[in-house]
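The following blocks contain the structures, represented as structure tokens.
Look for subunit A in each of the two complexes below; its partner is subunit B in the first and subunit C in the second.
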Partner chain A sequence: MTDRGAAPTLELKDLEVVYRVRGRDRQVVRGVSFTIAAGETYGLVGESGCGKSTTALAVVGYLASNGRIRGGSICVAGRDVVGLSNRALRHLRTNDVSMVYQNPAEALNPSIRIGEQVAEVFRVRGAGREEALERTLQALAKVQIADPGSVMARYPHQLSGGMQQRVVIAMALANDPGLLILDEPTTSLDATVEAEVLDLIQHLQAEFRTSVLFITHNLGVIAKMCERVGVLYAGRLVEEGPVSEVLKGPRHPYTVGLLRCVPRGGARKDRGRLDTIPGFLPSIDEELRACVFAPRCGLAQDICRATEPPLYQITEDHSSRCYFHERAQDLPRTTPPELGQPILVDRSKAPLLAVKELTKTFEQNGRRIHALEAVSAALWPGETLGLVGESGSGKTTFARAVLGLFAPTGGTVELDAHVLPPTLSRRTQADVRELQIVFQNPDSALNRRHAVRSILRRSLKKLAGISGAPAEERLLMLAGSVRLAERYLTVRPNQLSGGLKQRVAIARAFAGEPRLVVCDEPTSALDVSVQAAILNLLVDLQVQRWVAYLFISHDLGVVRYISDRIAVLYLGRLMEMGPAEVVFDGPHHPYTEALLSAVPTIDGGGRARIKLAGEIPSAAAPPTGCVFHTRCHRRIGAICDEKEPPLVEVGPGHLMRCHIPIEELRRLQAQPQEAAQVAGTKQPAA
Partner chain B sequence: MSTVATIVQPSEIRIARRETRRQLLRSKTFMAGVIIIAFWVFCAIFGYRIAPHDPLSQAFPQLQGLSRAYPFGTDQLGRDVFSRVLAGARDILIVAPLATLLGVVGGTTIGLVTGYFRGLTDDVISRIVDAVLSLPLIVIAVTVLVALGHSTLTVIVVIGLVFAPIVSRTVRAAVLAERQLDYVSASRLQGERAPYVMFVEILPNVFGPIVVEATVRLGYAIFAVAGLTFLGFGVQPPSPDWALQIADNYTLLGAGTYWWTVLFPALAIISLVVAVNLVADGLARVFGR
Partner chain C sequence: MLSVLVFAASQLLPGDIGRNVLGPFASPNDVKALDHQLGVDRPIYVQYGAWIGKLAHGNLGMSLEYKVPVASLLGPSLVNSLKLAAVAFVLVVPLSIVGGVFAALRRGHWLDRLITLTGLSLTAVPEFISAIVLILIFGLLLNWLPVTAASPADADAVTQIRYLILPGLALVMVLFGYIARMARAGTIEALESDYTRTAFLKGLDTATVIRRHVLRNSLLPTIAVIATQMGYLIGGLVVIEKLFNYNGIGQRIYTAALNKDFTMLQSGVLVVGIVYLTATLLADILYSLLNPRIRYAGVE
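Let's turn to the complex of A and B:
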């Protein structure tokens, strides 16, 4: 695929980018050099704030108005693009470089039809009106949009996220660019849609022989998509090499740390804590003369804090900026792996929470949206029930109905064997205290006008009934239990980093003695090292306080790590529920099987991809029979279309809703997957 | 650019706040508005004392033109227009802000309730609000004042009541956006009652739009008070109020050339309203609306 002989498509040499903030230049990219050969896919990975996006924006000349390239060179196809005039830059963007951003909804103009929008790219390059429309049709067909003619007549908001991203990719490839920059192109998409888009990018790249700069924080995506990878830390390229070498034999402590933070390879909470990277990314106005990672590195010696290490060449194309690159993998753990005590859930006793036939129908513009259909589940003290499924599957609706944020249409929620009133306002304060939540986005979950101290004191008052002088003591204990330093208590949430905000949110949930805490994607807005620390904290709290978690996440690695049991939802129906290992190891429901196969893993290989046909159907008009039959790759016939399968126990504590007998599923799923076929080959029309 | 994963130092926040203040101080139009308002507030407090003549005295020659002794001339009852303009700020600067305050407090409460509860409460109250909004202010005000008899208090209450629905719309829109945020759910999950969630959790976060709306309303309130006074329903004689001066003297405009009796009080009203609106614009820019 890669052609190393010709001039590289992109060559960065000692690139330095600064942002001018309040009259001072703050360096964001510090001397980054790498090259991308023709037809090569190069991954750029690192946590937020490391300078990944800034590097990409510098290449296309889209730096914010206070940003400036202070040094180094950027060559696209052998031509230096630093300091080009606006006109020349426009020419460059028209012909040589395209960029795809994270959020396709923002990349498309909401008031122009798809057809006109894509055709504009051809018009700019000199095509006539008819020709442009003709070529638009072809371009949309290239990105595997099933009915390009009808899509062209629609507005962006009428398309799903995955379809929008396809359109954006079609526009990016319309000028047949030499270099395609993808900045987190699948981060806002569901795992199943992400897998589709990644497949598409791979396919197109092979066809167009485009070079790709792939920016992502997801190491699994890097493993799937890229040939070579560069690891950025604080604006410095700290390690670079072929993907397999870097991921399997990392030679920089930061890369080692990143890889350890991710729960993978079936990691589970009862086998130990996740490792984390201590400390914080240096702020952008710090002068960094020595190794940028030294303050957070367990291997750092005096020399690391005195002078910057050179780039060590480990093999021909694998390099690391670390004096101790040979010992990088011996990086000492920063968190002890052992848990204080084992988690043993006793399910012979009565459950803490029993949800029976919970149903929720929303009325929207005269249509009835069946968000939740008779979902039953139970939770015992000290255990975690993971909820997985695509967006629109009813995970959040389920959790919020349990909490009483809105009244369910049918069904009951029982706590300690007494039925809870449907809404919060009717529940007693004692009931309210038992059920708490940690939200996905700590920015919106904490009142930005209140100081951390007053947020937590109010929680102590309401949830634990403590106020006055004793509250101050409890406040410090509470902050200590979530490892929140005392100095953060006086500030407002917007002065804290994402991880610290999430600790405040957890502290609030644990101010009383909650019995059940809903965790609604609590780590998905966080970087992996912070995610690991938050997961460790949640597990520690669970072990100490015997609290049960209802854990919602789209990250199956995280769900597997923290959950004892897992429930798989699809279109508001429970498709499968069982012990975590059983659900993950199979035999699984065909939907679970497809979900699992969609996740790109760092270790690569593993499962063959099962392509789910089309998108999740509308909950306003769910399919007849088994709701999954329209997309199921194992559909056995008319029975699937006509009759809804019952939820039956197929093993100890393992429930499944499928017409195929478990033994048959076991046999089918043991076979290699190449024959897995797409059931309905057409994209749904609307 | 992605966000930097570090703690912002408290000093940085202070710098940001200072930046906001500096931005306001640098804005020429905002500062011009502040200076004009400050001048009239000064006059409202000390107007009687700094006026060259007694504003209420009728001891001077009638309908004198501009001269050194009477810079703005005298009116038909022989009162010094210049002194009356200086002293005339007092009543309107008491009545209009109080009416605005009443309107903003009432409107904020209605806005919080309709935005927070939505549903039937919102539907019913919002329809009433729409009905009130569809009637011209002066018509309602005159009707009520005729029915209840006029006093300064009634003027304040009437303008406040008419403004409340207008303010409530702005507040409701801001509350609807805030209500979606998770901290509201988190607060309810602690067992907080609705008034606490509305006034302690949500209110501080919608303060920016409320301040801007209040300033805009103040401009309208000055107009409304002046209009009612002119019609005889507002401030009562013998106050040297600007609108009263205009009411007393506007008939002379037709008769001849006694323009100064009307022009100077009119300019005073205009300058105050324009100044209030300049300040409102400046605040709106800073609060990002």
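Let's turn to the complex of A and C:
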């Protein structure tokens, strides 16, 4: 694919970008240089605030109004694009560079029909109205949108996220650009949809021979998509090289740290803590001299703090900006791997939480939505039940019904063998205290007008009934247990970083010694290093306090790490439930199998990807028989379409809902080739 | 049929009628009293029964003061008021939208500050003060415009409008701030959105992006604000009509209140209520027509 002979499509040389904040220039990109050859896919990784997106926006000339390129050059197809006139810049955007970013719903204009929006790209290049519409139809077909004609007549909000991103990609590729910039293009999508979109990008790239700058924080995506990768830290390119070399043999301590933070390769909480990167990304105000990573680096020596390390060439195209690049992989661990004590869950006793036949139907626009269909599950003290499934699977509905945020249509929730009233308002103070929640977005749980101290004091008063002098003591203990330094108690939540805010939210939930905490994507909005610290914290609290978690995450690596048991939901039904290692190692339910195969892994290879046909059907009209039959790659015939399989125990504590016997599944799944075939019969309309 | 629709819509629309009619400076007690007067604090079916009963007879009663049917007095007053409201509306909507959008495009520039500040301070000045200032400057000092709103009986349309400009301006001054602020905020939000970035990165020129992508979305919330302000516009008439000695419905209600002419007062308020509801309903319909997310809700 890559053509190194021709002139590079993109060449950055010593790019420096500054933002003017409160009258001073703050540098966000520090002398970044890299090149992307024709047809090559180059990955740029790093945590938020490292300058990835700024670099991309500099290339397309769309920096925020207080941003400015202070030095260096950006050459697109051999032409310097820094300081282009408006006209030339428009020409560049029309013909040479396109960009796709994270949230497709926002990238499309909500009040213009899809067809018109896409057609604009052709119109601006001089096509007539008819011709533009004709070519729009072709462009949408190219991104594998079934029935492009009807999609053109729709508005963006009438499409699913995956469809919207296809439309955005169609727009980006419409002008056949030499360079396509993808900024976290799949981060807001479900794993299965993400896999589809990534496949599509790969396919189109091969066809159009486009060079791609792929920006993401997800190392698994980098491994799947890119040939070379650059690691950015605090605006500095600290390591660069072929993807396989950098991910398997990183030569910069930051890269090493990043890779260690990600729960992968079957990492599990009982096998030890995740490693983290100590400290914080330097704030934009800080003056950075010498090695940008020195304040957080476990290998730092005096020289690192005195002079900036040069770029060491390790192999021909692998380089690292570290004096001690040879020892990078010996970076000492930040957190000791051992847990305080092993977690031994005793399931012979009565469960802490017993959910029986929980059902929820909503009325929406006159249609009944079956969000949850008779889901039963139990949870014992000290264990974590992971809930997985695509959006629309019912996992959030399940958690909310347990919490009493709305009344279920049927079924009961029992805590310690007594039936809880269906809604929060009718539950006793003790029930409320024992069932708590940690959200994805800590802001929603924290009152912005109060300082952290008063937020925690209120919770102690409300949940534990403690006030006055004893409260202060408890408050300090609480802050200590979530490792929140005392100096943060006096500030307001909006002055804290995402990770610190999440610690406050966790402290709040733990104020009343809860016995069950629902964790709804608690780390999804966080960077990997912060995520690792929060996961460690949750596990520590579990070991100390014997609390149980109901853990929702779309990140299967995270779920596997923290869960003892896993429940897989699809269209509001429990498809499979069992011990984490059994669910992950198989034999799996066909849906679980497809989900697992969709996740791009850092180690690459692994499972052949199973392509699910179409999108998750509407819960207003769930398919007959097995609800998964419209997309199932292992469908065995009419029985799947007509008869709903029962949930049966196929192994110790392992439940499954499929007509195929477990032994047959084991045999089928042992043959990797067959798994890759495209399956499914119906293509539901989006 | 229509009555049910208007009535039902009035129940669904947000906001407190009394508060809207009296404007933001009325005391809560006044609002309560007016709500009671309008009957909106009664159960819905009672309200509807009373309302439809009156309408069905087409009979608004006899004026206690003038001993003639209320309708014969209210009719012409209403027409006069609507004329004034129309002039104010035609002046304020383009003026404040252009001002707001312009301020947004020049964000941080001194022009933006000027527009924002002017709007804010005008909003804070009660209409009787701004009206008096207007009369002093344009009417008495410069002698450009007539200081009363009522034109001679045989005046043609142009003259009538000339007479209405000054009172209209007084209303404009109060509303300008609200609408311009909304237009500015909406435009800034649209300018900073991802879809605007998408449009620029397609290679479209600035004028096209603003026209096709920004304005379409930024003016939606503005329309909603204009709708809520219409009720106020009608309420604001009371003061303005009095000051400019204009025989509109506000003046009528005011006199009726002074003379304790209850049938007239009640019917006047009822008519104002109907006008208000209709205006809000129309604005609501317009809003949903322009917003595909509402128009296509539920169609998937």
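Heads up, the rule we're going with is that the second predicted complex is superposed on the first by the 677 of 686 C-alpha atoms of A that agree within 3 Å, B and C clash if a C-alpha of one lies under 4 Å from a C-alpha of the other, contacts with A are read in each partner's own complex, and residues count from 1 in each chain.
We take it that a residue touches a chain if its C-beta (ideal position, glycine included) is under 8 Å from a C-beta of that chain, and two chains touch if they have at least 3 such contacts.
What you see is a predicted model; the values in this text were computed from it and never measured.
With the C-alpha superposition on subunit A as described, subunit C and subunit B clash in the combined arrangement. When the two structures are aligned on the shared chain, A:Pro282 is found in touch with subunit B, with no touch to subunit C. Looking at the shared chain after the overlay, A:Arg448 reaches subunit B, while subunit C stays out of its contact range.
In the superposition on chain A, contact of A:Ser98 is made with subunit C only, not with subunit B. In the superposed pair of complexes, A:Ala127 makes contact with neither subunit B nor subunit C.
In the superposed model, A:Ile314 lies in contact with neither subunit B nor subunit C.
Look at A:Ala290: by the touch rule set out above, it reaches neither subunit B nor subunit C. By the document's definition of touching, neither partner reaches A:Leu476: not subunit B, not subunit C.
Those residues of subunit A that touch subunit B in the shared complex are 19, 22, 28, 47-49, 52-54, 57, 64, 67, 280-284, 400, 403, 405, 424, 429, 432-433, 435-437, 439-441, 444-450, 458-459, 462-463, 488, 491-492, 494-500, 505, 508, 527, 530.
Residue ranges on subunit A touching subunit C, taken from their complex, read 60, 62, 86, 90-95, 97-99, 101, 103, 106-112, 120-121, 124-125, 155, 157-158, 168, 171, 175, 364-366, 618. Subunit B makes touch with subunit A in their complex at residues 1-10, 13, 15, 19, 181-183, 185-192, 201, 204-205. On the side of subunit C, the complex with subunit A involves touching residues 193-195, 197-206, 212-213, 216-217, 220, 290-293, 296-300.
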